[in-house]
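Naming follows writing order (A, B, C and D), and every chain is counted from residue 1.
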Amino acid sequence: MFNVGLIGAGRIAGVHARAIQANPDSRLLAVSDVNVGNATALAEAYSCRTASTDELLHDPDIQAVLIASSTDTHADLIEAATLRGKAVLCEKPVDLSLARAFQCMNATEDRQKPIMVGFNRRFDPNFRYLEQEMNAGAIGAVEMVTLTSFDPAPPPISYIKVSGGIFRDMMIHDFDMCHFLMGSLPETITATAACLVDQAIGDAGDYDTAVVTMTYTDGRIATIKNSRRAPYGYDQRIEVLGSKGLLEANNQFEHTVVKSTEQGVTSAKPTYFFLERYMQSYQNEWDAFVNSLRDDDAVPVSLRDGVMALACSEAALLSLQSNRPVALQEILNQI
Amino acid sequence: MFNVGLIGAGRIAGVHARAIQANPDSRLLAVSDVNVGNATALAEAYSCRTASTDELLHDPDIQAVLIASSTDTHADLIEAATLRGKAVLCEKPVDLSLARAFQCMNATEDRQKPIMVGFNRRFDPNFRYLEQEMNAGAIGAVEMVTLTSFDPAPPPISYIKVSGGIFRDMMIHDFDMCHFLMGSLPETITATAACLVDQAIGDAGDYDTAVVTMTYTDGRIATIKNSRRAPYGYDQRIEVLGSKGLLEANNQFEHTVVKSTEQGVTSAKPTYFFLERYMQSYQNEWDAFVNSLRDDDAVPVSLRDGVMALACSEAALLSLQSNRPVALQEILNQI
Amino acid sequence: MFNVGLIGAGRIAGVHARAIQANPDSRLLAVSDVNVGNATALAEAYSCRTASTDELLHDPDIQAVLIASSTDTHADLIEAATLRGKAVLCEKPVDLSLARAFQCMNATEDRQKPIMVGFNRRFDPNFRYLEQEMNAGAIGAVEMVTLTSFDPAPPPISYIKVSGGIFRDMMIHDFDMCHFLMGSLPETITATAACLVDQAIGDAGDYDTAVVTMTYTDGRIATIKNSRRAPYGYDQRIEVLGSKGLLEANNQFEHTVVKSTEQGVTSAKPTYFFLERYMQSYQNEWDAFVNSLRDDDAVPVSLRDGVMALACSEAALLSLQSNRPVALQEILNQI
Amino acid sequence: MFNVGLIGAGRIAGVHARAIQANPDSRLLAVSDVNVGNATALAEAYSCRTASTDELLHDPDIQAVLIASSTDTHADLIEAATLRGKAVLCEKPVDLSLARAFQCMNATEDRQKPIMVGFNRRFDPNFRYLEQEMNAGAIGAVEMVTLTSFDPAPPPISYIKVSGGIFRDMMIHDFDMCHFLMGSLPETITATAACLVDQAIGDAGDYDTAVVTMTYTDGRIATIKNSRRAPYGYDQRIEVLGSKGLLEANNQFEHTVVKSTEQGVTSAKPTYFFLERYMQSYQNEWDAFVNSLRDDDAVPVSLRDGVMALACSEAALLSLQSNRPVALQEILNQI
């Protein structure tokens, strides 16, 4: 049984709390949040105690820490928690600054405790099934990958302003998914983007619509399409063309009822947003983390994976700003 | 090359004329119709001549006759044409009277020329594919068959009144399809029916909604569902449960475009009616007839098949009237 | 907060225990089972105590009893629990004997405590959505209903022998679903059945394949198709034809991945069995029960509903044995 | 009635001949081909005469010429035919040389006779339906377009060598489709490509796998994905994200039969190649051409459209060679 401290008590922390309690090998011991009311509410809901983050990090009864606080605290907390001998599962991204993320990676590389980054989509049952089929050779050698990730609606402008931008905040998931599916990092990244959904997003210096193409040293090509708005719901699909066929992971839908009338045949929309679509993936992510701890195995998403996804985001941004393909190595060399 | 005389120049005759001309081994030589204007129009469209039915039946250049005139003429024309040494493809049904249909079968049984009944659905590419998979063992031993046949809208009451009723006019196709799929005739037939679509149909002594269950000596069960109205289009499906799986032949749709909006996901309706849905089946039916003539093979739908489909209709009607399961043999014994 | 006693600790009791604990307004207080080991294991898993059934029924702290013990105990326990002032949710069927079920209904009709029968499928989100659309007029007036319920594989013969047969054990769910959808009971029931899956089922006097047609006084027709074997998974579908269109509730599938190769396009099978498919429906069923208690509303599935589903089973069996349509009233008159 | 001369008697010419004869307002008068045997066979099949190309171009009875000969003859024949007062429908591409295509456009711009380029996909009923819905505002303002065009298998290397390469031979269809859908030309074109299917294609200096991203002055983004190999059949899809929803034109499939077994749910593959998939589009293309002639309307695909699609191909190639986004204007400036 692993005792867990949860840092952060916002919406996503609630999802994690639920996953921690549902795993028979883990137990939520304490929760901390700068907003004490949030911490108290979450603690009550899951019958654990509140603590300051510092208390939590020093509590010898806590073996693992889940970091779900604001992004700017992630790197510091990863370093502090591992220093105290805690295993860490940290929400993405590691930091908005690639340099700081690298620094964190270097600072913690000799520590004995596992650090996992929370790219939950790797644990989505459908994507996982696709990945298994792909790696089992169901469609031969992979040639082209396409990721479609459209949010149902843009977040508030206040969030956009501190998000790090569409590449670091949203497409980072897709960069990690490509890493996961391809088994290697891209050689070059070429980005295009526009502000088509809400002018306020553009005014904040960000984009709401983006397409990125990535090439791999062996010739494979990946394309990522992002939009901050899909009025029909959360659109999350993967398509892989291989030498022997095509694999598609389609959306999940709200129900299975089909209505046929004079007006046409109508079926359900995709489930609305990530809490519906990815609830299972958060559970599976936590279960995988606990299994790694229990079996003393490597965690399935390393801190380096988290840093590399951020490096891809950085390359995309540079590509967009400089209007040219950017080699990932160029980004890595700058660190 | 087979020279063909076409008796009848209505809508379905036009479909047949097209099929005859499209087959490289057949040629439309003459068309007859009690409505001379119809005959003339069709003859012009397909560059053939008009004739009286009698001339057509006596024309030594004509080897095959396609009977697409009104139902009450079918039996007489089958007898007359075969007497003159013509091969015959006759539209369904053979006659509305089972006794007359039997008489026609008996009267022509020694004639050397093939007689085929036009159950076009046997030649629908999707149903044919299902049948081939089924008979190739794709789902093991057949256990349960369900046929859904809903027309988009009821025909005019004037047609209903001379149609012979829903079992002889509409469900006869499904009785033949069951015969085709099962490879044998049912042992018992149990019918239920209602008038739910249009009270005028009920006033005419007919039904617009019917469900029939049939049992086979080896335990297999078939269910047929008919409605005169499906506002979303022509609904024509087959489902077969076997010991190793399920086969479904679904509808064909008007297009492949899917629209996803806040209101839901909308796709195309089934193709509207039999001219769209079964156009290919009429061509394949004719091609199969011509191939039989050319290769001196048995025609794929015999006159007996046509009579037996009518006997099933009769059994269903008796079941409904007597409120009990009716053995098909009981009907056959009455002849 | 309602304190709940759970009678029975088998597989389905585990599903109910989970639902009870997940509802914020109910708490599992005690579990009883003739098999003490089962009771102990379940009690440990859900942190409650074990008790004898008698203790449980006499415990003044328990307001509601969930009866998930063997079928032959249901009627007695319903009577005993309501006598002690407990609200009751009882698994289907009420009893295998219609007379005993009636007796139970009569014996408890004056008691003040609600009795609900566990027809979980009414609470399946997809079926519920279909029912809501239907009753909101999405397809106009209902004309024809078709229920497909195929189990993935037959239960053990030992279970078949005590099950009451396919109509009382399996199709009873569909009889209740028809009641739920139609809003009234059928006028006549006509059954056909066969033993096609496993001869041992036939040797036990039962059937594994059945089709039932039901008529309603207003002309509507319902068809139920049951098979004990669908090798591709649990096949649970509803189709409703109305005057303005068609509603279909399709299966849920194991995943959303589609593979296209030279061999064809392959997608997921339906979820395997009722624990996967109907897990949510058990939760929703319990939540509905608790809401009824809390709000002092009528329970959504009454004891009478449970008895009437059994009466339909009885009518189907009589129809099969006497080879004729059976009026439901004929069955009810016999009581 | 328009009399038509057909230049070329290869496979695609046969498709055109069929379309010409099926249109009630056009008639195939003569066919020419450098391979006299091909010309004779086609002329026999469609009951017309053979001619030399020169005879055909000088025949005063011929009002329209369909050019389906080899690509290197297109520009010369367009010029020659319009000089003789013939209306022209010319297969794509206008020429492999953009300079020559421009020259042809300039040389013919004052001629009174319409010149249409055969981008048949614009006339595919599904794509046309998508375009109509899109332009009717079904999904609001267009933001992102994705075209998937995968051939089932690569052509012979001998063809690859004279094809002009994947951008001029294959993706040119998609460039035109983007032009058609977007209603304007792209501002920039960025290409990536690889040789993953067959090394011999790479040895011939070509690619078999390519992804192109295009930006528009108003911020819209289009992505085109091409592969010379999709083992499951001809994969031809369009997806358009708009401010109010998503439109997808999916593939057409070989049949509608679905098989469900223990191994999964299997359905049909896409129709194999363009003759199956686009047969209707060739007919609709010809009908649109004839309607333009008859009504004295502008043809729906102009010679300029053909030249601009080629310019896009050229830009894609330059982007690939120079590893940078290329402005379409840069290409146009070079002419």
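Rule of thumb we're sticking to: a residue touches a chain if its C-beta (ideal position, glycine included) is under 8 Å from a C-beta of that chain, and two chains touch if they have at least 3 such contacts.
The structure presented is a predicted model; accordingly, all values stated were derived computationally and were not measured.
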item: Chain at maximum distance from chain D, centres defined as averaged CA atoms; value: C
item: Same-site or different-site touching of chain C by its copy chain D, using the half cut; value: same
item: Inter-chain centre distance, chain B versus chain D - centres from mean C-alpha coordinates, in Å; value: 41
item: Chain C and chain D, separation of their C-alpha mean positions in angstrom; value: 58
item: Interface hub residues of chain C, defined as touching at least two other chains; value: 230-232, 244-246, 260-262
item: Chain C-facing residues of chain A, complex; value: 125-126, 129-130, 133, 138-139, 244-252, 255-262
item: Footprint of chain C on chain B - complex, ascending; value: 141, 143-144, 146, 150, 190, 192, 194-197, 209, 211, 213, 215, 219-221, 223, 225, 227, 229-232, 235, 241, 243-246, 323-325
item: Footprint of chain A on chain B - complex, ascending; value: 230-233, 253, 260-270
